[in-house]
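In what comes next, subunit A is part of two complexes: it sits with subunit B in the first one and with subunit C in the second one.
Take a look at the complex of A and B:
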């Protein structure tokens, strides 16, 4: 099976937020929940760069390591998914995640934060693929339909890549070789404990 | 707090509550998915409250979008022309998929394009017609609305004349819609018909057309993949045309190209530049001349190109010589060494292109600005070849088309102008008696008199009657698809809003016209008509690269909305000229058939080459999108449906559809033959010109091309436009068929020789010219000296409100004059501002521009929760130094005050180095606040956008381009204080 990964080419990202609204559109993500966001470094200064961020679907995911109710599971494609039926909204995964991916629907100071939501790599959840139940809890399951995450598919400059880690690494390597520069596969060391040699 | 960018955290609270309410309410897609209603008969879900939807059998298990119908349309935001692929189930748009086949967007979208589905399932759309009754929004039926509006218009016409009704149309309409709207003005009897191009690229159209023939982007986005040097001046493509950036960034990468950005702000585009130069807003001409100074000094100009294809180089040289590096730096702030480096790249690392947008156009010197850019291209021979050209990025999805179809104050469709000949041409096409049109106008002279620019509508309401050169002041505004907050000087337009007798807003949303008119004190005589978005209409649209694309209707109009064309039909019927106007158009259930209208366009648009793009050809292109090459945009020659065509049949696409001209992706490209999309500069300004020499004698200089011609041309030199008379002289008249000749004789009457390539309705003259490899409009020189314009050679003129009062005496704006029926008193105001020391009171330059999340006046996009969540607050960018001087904190509230009308606006401060010291910048998409007051309560209940804010144009000031009436929102003065 493929090992699914995300890769954002910071030399291409223009912070247009297509990835953000494509995600909202595909999964009907409500206001206040951001499965994906774009972060800009050195905003307004020379060297400004933007990176699109979401759950990276880590190898040995730290969220899973701290979850008290065993919410997380990893699919055969190495996509890290969560079972909302088990989630108690404790928020441990938020503290464990190096990318700030987990989102909670409730802002109350007391009790549960609600069931954690995050990027599913457009792969749904534990319910039957493409079922209404799955859609209601996790959004669309594009992987089951043979499609890749919509954020990457709709990226305005083909900066955000999603798919088999080896294939997207090759695309990135070829791109860097051709153009002669590349700031690296951001977040890969943290998420996948490897980098792309360019 | 979320302001712009750096901290992009969502703010929750009241806004979140509103959105959550929507999710529980009318969010049809999730409702359907959750309830298993997808397989039921929901074709009319848009018009039914959900409670009344019949329960139906649960959907079969399996992918939820299985069984969906796929419909293709075009994104309704910017002019890149992205195809939108919609999945529709039972009349409901349930999903958006990447449009991989489109050679333009190749699957991609920006934030706006990736969220367009929301537009047609928004519960905040205007649902039914409404009117103000004693200051309250009240529901009325369509019949009542149309009747009352029509009666009132007729009453105004009776009393104040046809010119007292202003027809403000839209760049959002399809070609068919905007063409019909112009026609509506003509049948009503006025030239007061305008649309967004006025405030967008009117200066481009005028400046560029006066240089080489047509006022449009010469190349296209895909072609920029060939460029070695990309030079941006006045474009922030990363925010305004993000999918265009895909081609530009790949060009930069593949060609190891130069990516040069001139901009007062270090924009998102500048972040990707190989060379960025900051300059003072309003000094584009000195910047370009400063660059040209180095080009001429080093002899980097293309001498042979200039000799063969350019007129007026010597006059230009004299002006450029004034802009030595010291003077250039003194005025613009760009250092000489950097300028020399950029000049060398631009002139010697070819092909090079200049990319511009509203940074250049929205100035009181807009026309001169774009002319200077054209001149830089001409000087270096960077035009008419792959990878070169004036890549002018248009703003709205169909602003190029709406301009071409003549929804404009200075011309009838397709740039025929307003002279008698033009009216006669269209009378023939429309099969309506010319004398009848004459009778419709207040005075036959008004037929040939350009109308009032939309930028001045409120001046035409408010100025003393004797200063408005028409029968009476404006009394009624009929606005179909145009924002009010995108027009400068809002405080003054408030007075006019109050004074109007009739205000009609036909739009998917109430817009700021509604909220501001209530604030202005209107109590009645105000109507809101719900119009469908373009996803609910079929028709053709023109992308920035002049490519026509046919958009299918994705879903039927929601709620009680109507198609643009249907509203025009109902109104024409009420006003009593529908029979004449719709003579050749099939109307089904009050909806005119778009294909019929396009065929009528094909029959009349010879001047611009919209004659070859039949509905059938355009539909074949959409169906065969995958066959077009990414770089050349051409389909393989042997394809049965689209063989040899360029994608979108970019105009000019000569001859009738049967001629099968492939379209012209690169304008003025002689390396291609006429039938292969080649071209020459258009000799539009005479064939020769008399010039005075220093010794007092005169000489005649030819304006025709010298020894250069398009590939395969039978005439191996410059030549004039083709007429029947020219064909006879060449002995080619024998190539005309009998039918063609009969048509020519019928049109020409006793003077058939004067019938030309643009008035011959048979298309015979074009066909014969093409047969001989010639371009129908002729083969002339481009003009560096555009005699006839206010500044034939562009010269620097300081903005009306400038901080550099020391430069005003040397570079004053043009004298006061009467233009477009109104006085332009820019000179008096500039002088008064200097005398009164306005620059001391308001020391900061204020500029404005776009955010990627929003579009235009922004009501539509601020009503889309997926976008609104990303930009929740109106803000002003201010430099750290200016902020520190004023005790302003990043994210804190500030009052911005303007130089006119004691204007004030409250917003948040974004302290950033993106702007230089002395410069502030605001996005122009916000509205719904005025002078610190939130106007949310002024919208009809449930139609207020999620995000409201102060409009930048509350602060902007006077300033109009003399050639087009363009406003000046890019440079004025302001002061900022912590609130």
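Take a look at the complex of A and C:
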């Protein structure tokens, strides 16, 4: 089985936000929720870099550890998924997440949160693959159709890579070797406790 | 002629050299590493706790790219479990041991049959409003920290979520009457709860918990004053941090502030629960005649004499015993125990 990971090649990201838009459209993500976002560091200064960020599908995920109702499960492809039927919207996964991935629809009074929504690596949820129920709660299940996440597929500069960790690491290493530079695999050390030696 | 040729060669060489320099220079420039001054993750993480940037969506907290620290996770999964477990099980163990060795503290001189008003209806209403809210808040709060380990395996994920969702709403809504109760308690009983010299004496004599000692006390003894201040200070702390958690990220708070609010809320709450276990014990099975104070609002005069002698003297001088009930004729007033 593959070990699915995301890798954003920050030296290629042009902050076009196509990944954000593709994700919202593919999964019909509710208003106010962004499963993926682009963050620009050192904006307007020399050395500026943009990084597309979503759930990194961590090894030993902190969200799963702190969840009071045991919502999270990890698939055979190492994708971290959430069962919305069990979520009570306490917000603890957001406090624990290193990447700010969990999102909550504002459904009720006060600031109280609805059921948590996050990037599924285009792998749906616990319902039957490709079912209506699955789509309504989690969006498309592209992985079940043999396709990779749409954000990476749509990336105009092929900055965002999604797929088996070994393969995308090899692609990134080749790029770095060929062009002679690379600002590293952002978030990998935090998410996977390992990074790509270049 | 030869001289001219040599000169021409020299000039050509100079021009060629000049061309070469101008041609080579951009090539050198192109080999400059464009990431030499680019932001590096490890370098940022070394100098900062979080990596913040700029985004294009309205959600400002999404501009935090990475907050790699796992301190909060460790607090929530390990530290809080230990603090809560030790505090709550520890207090329960002490209470069980105390009950088994000491038993219920009796009214030593027996009931006089004459009562005196201790808490008015308003006072009792405020107490029970706060107490009822507290018990539900405590159970629903402990469920968030300990439920997954203790309750989920027993009732299964679906039932546990139904219960936890209900508990979350109860926790959120009952925080309002609880806060009102804490404020009312603060205002209502502040006069009797300022520490004074009598408390030093009371504490020195261990509150009469060991042996048959009955150190004098006004309306509230030092132990009750401690409970009062735990409720007022602890209640304020859980209310403030609780509302921060209930209205997340208001007023520009970041994820670090939310984590801190949860840490304070969790620690204060479990210690609060532990303290209240002691309060519930002494107000029920721990002491004969104590529950009536908050139950019917009256206490037996002999109970008051033993536990709040100075208050009883004040009250007797002011209003006298509760005359609204028929007093037994045959029984003479018991002699003071002290």
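Here, the second predicted complex is superposed on the first by the 192 of 198 C-alpha atoms of A that agree within 3 Å, B and C clash if a C-alpha of one lies under 4 Å from a C-alpha of the other, contacts with A are read in each partner's own complex, and residues count from 1 in each chain.
Here is the rule we use: contacts are C-beta pairs under 8 Å (C-beta built on N, C-alpha and C of every residue); 3 or more make two chains touch, one makes a residue touch a chain.
This one's a predicted model, so the numbers in the text were calculated from it and none came from an experiment.
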{"item": "First (subunit B), second (subunit C), both or neither touched by A:180", "value": "both"}
{"item": "Which superposed partner A:140 touches (first subunit B, second subunit C, both, neither)", "value": "first"}
{"item": "Which of subunit B and subunit C A:51 touches, first, second, both or neither", "value": "second"}
{"item": "Contacts of A:155 with subunit B and subunit C, given as first, second, both or neither", "value": "first"}
{"item": "First, second, both or neither for A:16, with subunit B first and subunit C second", "value": "first"}
{"item": "Partner chain(s) touched by A:62 [first = subunit B, second = subunit C, both, neither]", "value": "second"}
{"item": "Touched partner set for A:39, first subunit B, second subunit C, both or neither", "value": "both"}
{"item": "Partner chain(s) touched by A:92 [first = subunit B, second = subunit C, both, neither]", "value": "second"}
{"item": "Intersection of the subunit A residues that touch subunit B with those that touch subunit C", "value": "11, 15, 17, 20, 32, 34, 37-40, 43, 46, 48-49, 180"}
{"item": "In the complex, subunit B residues that touch subunit A", "value": "5-6, 8, 10, 12, 15-16, 18-20, 23, 27, 29-30, 33-36, 59, 61-65, 95-98, 107-115, 117-118, 238-239, 242-243, 245-246, 249, 252-254, 256, 266, 268-269, 271-272, 276, 852-853, 865-867, 869-870, 877, 912-914"}
{"item": "Residues of subunit A touching subunit B in the complex", "value": "11-12, 14-22, 24-26, 28, 30-34, 37-40, 43-46, 48-50, 107, 128-132, 135-136, 140-141, 144-145, 147, 150, 153-158, 175, 178-180"}
{"item": "Subunit A - residues contacting subunit C, complex", "value": "10-11, 15, 17, 20, 32, 34, 37-43, 46-49, 51, 53, 62, 65-70, 85-92, 94-96, 98-100, 110-113, 180-184, 186-187, 189-190"}
{"item": "List of subunit C residues in touch with subunit A within their complex", "value": "31, 33-35, 37-42, 44-45, 51, 53-57, 59, 61-70, 72-73, 76-77, 143-145, 147-148, 152, 157-158, 160-161, 164-165, 168, 172, 245-250, 255, 258-259, 262"}
